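Same chain, two partners: chain A is paired with chain B first, then with chain C.
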Partner chain A sequence: MNALKWWWGILLAFALLGVSRTFLPLPFMNEVVIFSIYAMGCNFLIGRVGYISFGQPAYLAFGAYACAFYLFYFGTNPLVGIMVGVLGGLVVSLVIGPLFVRLRSDYFAMVNLALAVIVFYLTQKVLVDITKGDNGLWFMTRITSTPGLDLTIPGQFFIFALIVALAVCAFYKYLDDSIYGACCLATKINENKLQFLGYDNFSIRLLAFVIANTTTALAGAMYAVYLGFVSPEMASPSRAADPVIVTLLGGVGTLFGPIVGAIAYTGMKDVISKLIGNWELFIGFLLVFIMLVADQGIWGTLAPLLEKLLWRRKATLPVATKR
Partner chain B sequence: MSPDKRTVVIKAEGVSKRFGTVQAVDQVDYQLYENEVAGILGSNGAGKTTFFNLLTGYYLPDEGRILYQGQDVTRMTPQQRVSLGMMRSFQLTSTFDNLSVIDNLVLAFFRAHKSASLWQLLINTCRKHRKDEKILATLASFDLERVADRLVKHLGLGEKRRMEIAMEILAEPKVLLLDEPLAGLAESEIKGVLDILRQQVGKQTILIVEHKISHVQDFLQRLIVMHEGRIIAEGGYECLQNPEVRKSYWQIDDSASESASASADAGEVS
Partner chain C sequence: MAQESYSAGCYEAMISTQLLISGVIFGLSIGSIYFLLAIGLSLCFGLMRIISLDQLLYYSLGAYITYSINLASGSMWLGVLAGTAFAGLASFAVERLIFRRIYSREPTFSMITSFGILIGGIGIIKYFWGVVPRPVEVPTLLQVTIFGTEVPVYRLIVVAIAAVVYVGIWLFLHRTIVGKAIRAAIEDVEHVEGLGINVSRLFTITFIIAGALSGLAGGLHAPLIMVDPSMGLETLAFVFMVVIIGGLGSIKGTLISALIIGQVVSLGSIIYAPMAQMAPFVIMLLVLLIKPTGLYGSTVLKR
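Then we have the complex of A and B:
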């Protein structure tokens, strides 16, 4: 019974996403689901460990290019491609993580931004022979059908992406409730105390960095398979703030914040870009307004209201277990 | 039993620490005995917190070494010291304000009973440990049941202090090192915290750094008084009558009052 209570929120959220597919365009839904996975990694870094990174496009590109290299040069199975992308993100995170997690706050944000710039120029100018520069790698026609869910068909890719996103969300939910999740929150605000309780801040942060960026690489690999194409634009530093914005918009540190943020951001982008030419400027102003009105983000503001509405709980001081 | 025949738990040998031109701790030798309740007293800037930080591994000494049960721990990390059985608190209340009271206790309890390897942290959930009998009993004995699910940032200072000490006791260290645990508390809260600490007497070695002797009157079994980075007196409460202690700690200059009275006497005579 407890297990059901634990799971029902996640299942309901993804059931709603699945149902939305019937009345919302498929490309929009696919983008929302992949962007949700992208933002889940960023949300974990900011919300749990207190690391703001403006270099997430770099990790997205690591996953996307690792997957693309496999599908362009070596194989044709998209599932293997996604696994290669995840592995690529994992290896890169393990290599650079020990260097980066020693930094805090603004230094961490900027060193990641620098990484995104490096990756952008590597893919665009330095490694042109293998990345094909701005032309990118096109491999849609090389991707073969997979048994069960055929990822070459957008409708079936959506189901696959939804299952992957659900698994990632459930994994983060588990982490939230683990001792490790509590240690992440603890190191975020009081590393001295955690150290003198006998925990190792460095390994806790390193693991968080690896988990979050491997998730980001997974999103990158899924973008690669879905689009059948990757280009340096994916690592563009001009898109560095996107996952951070989505995280803040949805609600930092909340389980469903990345999904809500991805729906809101992609929705705003789609709707407003059709109506206004300089849509990014308008979205900028809109975001400033939302942040000022609801600094907890959309889900962070709505969740307590929904809880009260649905369960008619008495208004008490906030407790840590609410989500 | 004479202190000399008791087992030494922590020993400082010629420990010094300098910050720029300030000699914060100067060649201090000290011994902490098993299961005693000892105190470090001194006025502001006497070097007691720096010395405490050297004992607990927060600072590395410039000179000298720290031994724990005969083992040199001078260069050990705080995690290694915790594994050996040393646990410290901080002068300013130091808790995880973004976690609930019970999850703060779970983190302290977990470290005492399981290794802090990432694998153990990942496979164990807070949910499971929140029901542990020892944690529930601690909540009750520290009068924290009512606020168990509340985020720590919503607690009052007295509740936070009680919770912090509860964390340290739950972690079951052999040596409990408390840095001004009574600072900022109301009289009633001080009594509550001391009552809790009294329950630990004889079970754990306790070292308390305190600024005000009135707070820990009748609680400490042995104390040292520090001034300008040195130990100027050591022993029972009678050492507070030491002229140097009276001068540095209470700003009572016996020699001045003696000479004043002598000159008064001389005046009377003349």
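Then we have the complex of A and C:
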């Protein structure tokens, strides 16, 4: 019973996502689910550890390209490809993590953005021989169907993506509730105090960095399998703000923020880019607007209201929306 | 940038010393542009503790105004002047409307906001000028001979302007009352405020100077590259690396690291073109490995 209490918020959220599949177009839903995995890593970094990273596209591209290299040059199994992508992200973040985590948060943000631009150049110009530059790697036809859930069919891919997103979300909920999650929050708020308590700031931050960026790489690998191709556009610096915007839009540090943000962002992108061609103009000013006026985000504003509503209606109902 | 160095080097004879000299001059000019851009970022961080990514927007605006005025009047120098002035005006408006409200927040907050301004501004540029890259003609095609190597005069002029700006900024900060107040405020804002100096006006002045210098950099860079809407995003990484290597808030560090990055980009592209883009990043990582706050950055930040 306790386990159910702990779980039901997440299960409900994903059941809602699953149900909305019946009346919303499938590409939109796939985009939303992958994007929310992408934003979850970013959300953990910003909300829990206090690191704002504009370099997320770089880690996305690491995951996507690791997966793409496997599917393009070596194997055909998409599941193995995703695993290779995650492994690639893990290795990369383990290598550069110790370097970046030592930095002050403002330097951290700048170094990461520089990394994103460098990865963009790397995939577009320097490693043209293996990445095929701007043309990208196309391996749609090479992916073989897998037993059980067939990832080559978008409808079944959605179920797979939903399960993965559910697992990632549950994992972050577990982290949030654990002592480690509390340590992360403490390192954001007062690192000196945490040090006096006998914890090591560096290793806590390093672990958070690795976890968040491995999640991002997972999202990258999922993108690669879903789209069937990768191109340097993925690491483009003009998209560097996307995960940060989604996180802020949804509500920083909240569990469901990334999902709500991903739905809102993808929805707006679909609607607005049809109405006006100039998407950048809109997204830039949206970002400024969120920062100036509503830095709680959608879920951050909605959650207390929902909580109030639920409490009034039924006092014994466990509140899943407490964060 | 690879093509740029190629065109700088291609009409030279294939003698390595000549290639080297033209490479060094090219590096100096590109370093000067980076310096003009980075000094704005550095000053803003030093005084207001904001990371002002929108400097790259004023850079693009400066370049586009230069292009338009050059097309209308035929004088590129008039264009640069107008671009500088317009960039200063734009930065004034942005400071009044947006940054005024977020000075008290932490630096990363301003970084997100200014990134929004940058992206939105690129949208505006696309609206007015379209997405097609525009060429700007070089004002003088004169060449001078240095050690038997022909060097375009325009690049020397760019270096000279940057040197003048450096001296000007130094004199401004060390010899005028306003400059001294800015330097004092970099050390301790509250004390300066306590002395009865209008700090918010200092902030505005600094921001306009930074924006105008970015516009100047854009105008001067325009003839050397194609002017296109995403030019700010392309230069962003290099300017960042200059600021990080030099240390946030230090003008001397910015100058030195701009010169280093300029030479690395230009000499690197002579040796192996793709390396030119990667090398500054490696240098940045090495510097950060040894000193996490950059060459001249201060370790402790008050505020």
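Throughout what follows, the second predicted complex is superposed on the first by the 303 of 323 C-alpha atoms of A that agree within 3 Å, B and C clash if a C-alpha of one lies under 4 Å from a C-alpha of the other, contacts with A are read in each partner's own complex, and residues count from 1 in each chain.
Please note the rule applied: a residue touches a chain if its C-beta (ideal position, glycine included) is under 8 Å from a C-beta of that chain, and two chains touch if they have at least 3 such contacts.
The structure displayed is predicted, hence computed values, not measured ones.
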{"item": "Three-chain arrangement built on chain A, chain B and chain C clash or fit", "value": "fit"}
{"item": "Partner chain(s) touched by A:V117 [first = chain B, second = chain C, both, neither]", "value": "second"}
{"item": "Partner chain(s) touched by A:G284 [first = chain B, second = chain C, both, neither]", "value": "second"}
{"item": "Chain B versus chain C as contact partner of A:A294, first or second or both or neither", "value": "neither"}
{"item": "Which superposed partner A:N192 touches (first chain B, second chain C, both, neither)", "value": "first"}
{"item": "Partner chain in contact with A:Y180 - chain B first, chain C second, else both or neither", "value": "first"}
{"item": "Chain B versus chain C as contact partner of A:L207, first or second or both or neither", "value": "first"}
{"item": "Larger contact residue set on chain A - chain B or chain C", "value": "C"}
{"item": "Degrees between the directions from chain A toward chain B and toward chain C, using C-alpha centres, nearest 10", "value": "80"}
{"item": "Nearest-approach distance, in Å, of chain C Cα atoms to those of chain B in the combined model", "value": "14"}
{"item": "Residue numbers on chain A that touch chain B, as the complex places them", "value": "174-175, 177-183, 185-186, 188-190, 192-200, 203-204, 207, 317-321"}
{"item": "Of all residues in chain C, those that touch chain A in their complex", "value": "45, 51, 98, 101-102, 106-109, 111-113, 115-124, 126-127, 230, 233, 236-237, 240-241, 243-244, 248, 274, 277-278, 281, 284-285, 288-289, 292-294, 301"}
{"item": "Footprint of chain C on chain A - complex, ascending", "value": "52, 54, 99, 102-107, 109-111, 113-115, 117-118, 121-122, 125-126, 237-238, 240-241, 244, 248, 278-288, 291-292"}
{"item": "Chain A contact footprint on chain B (complex, rising order)", "value": "56, 58, 77-79, 82-83, 87-88, 90, 94-100, 103, 106-108, 110-111, 116, 118, 120-127, 129, 149-151, 154, 167, 171"}
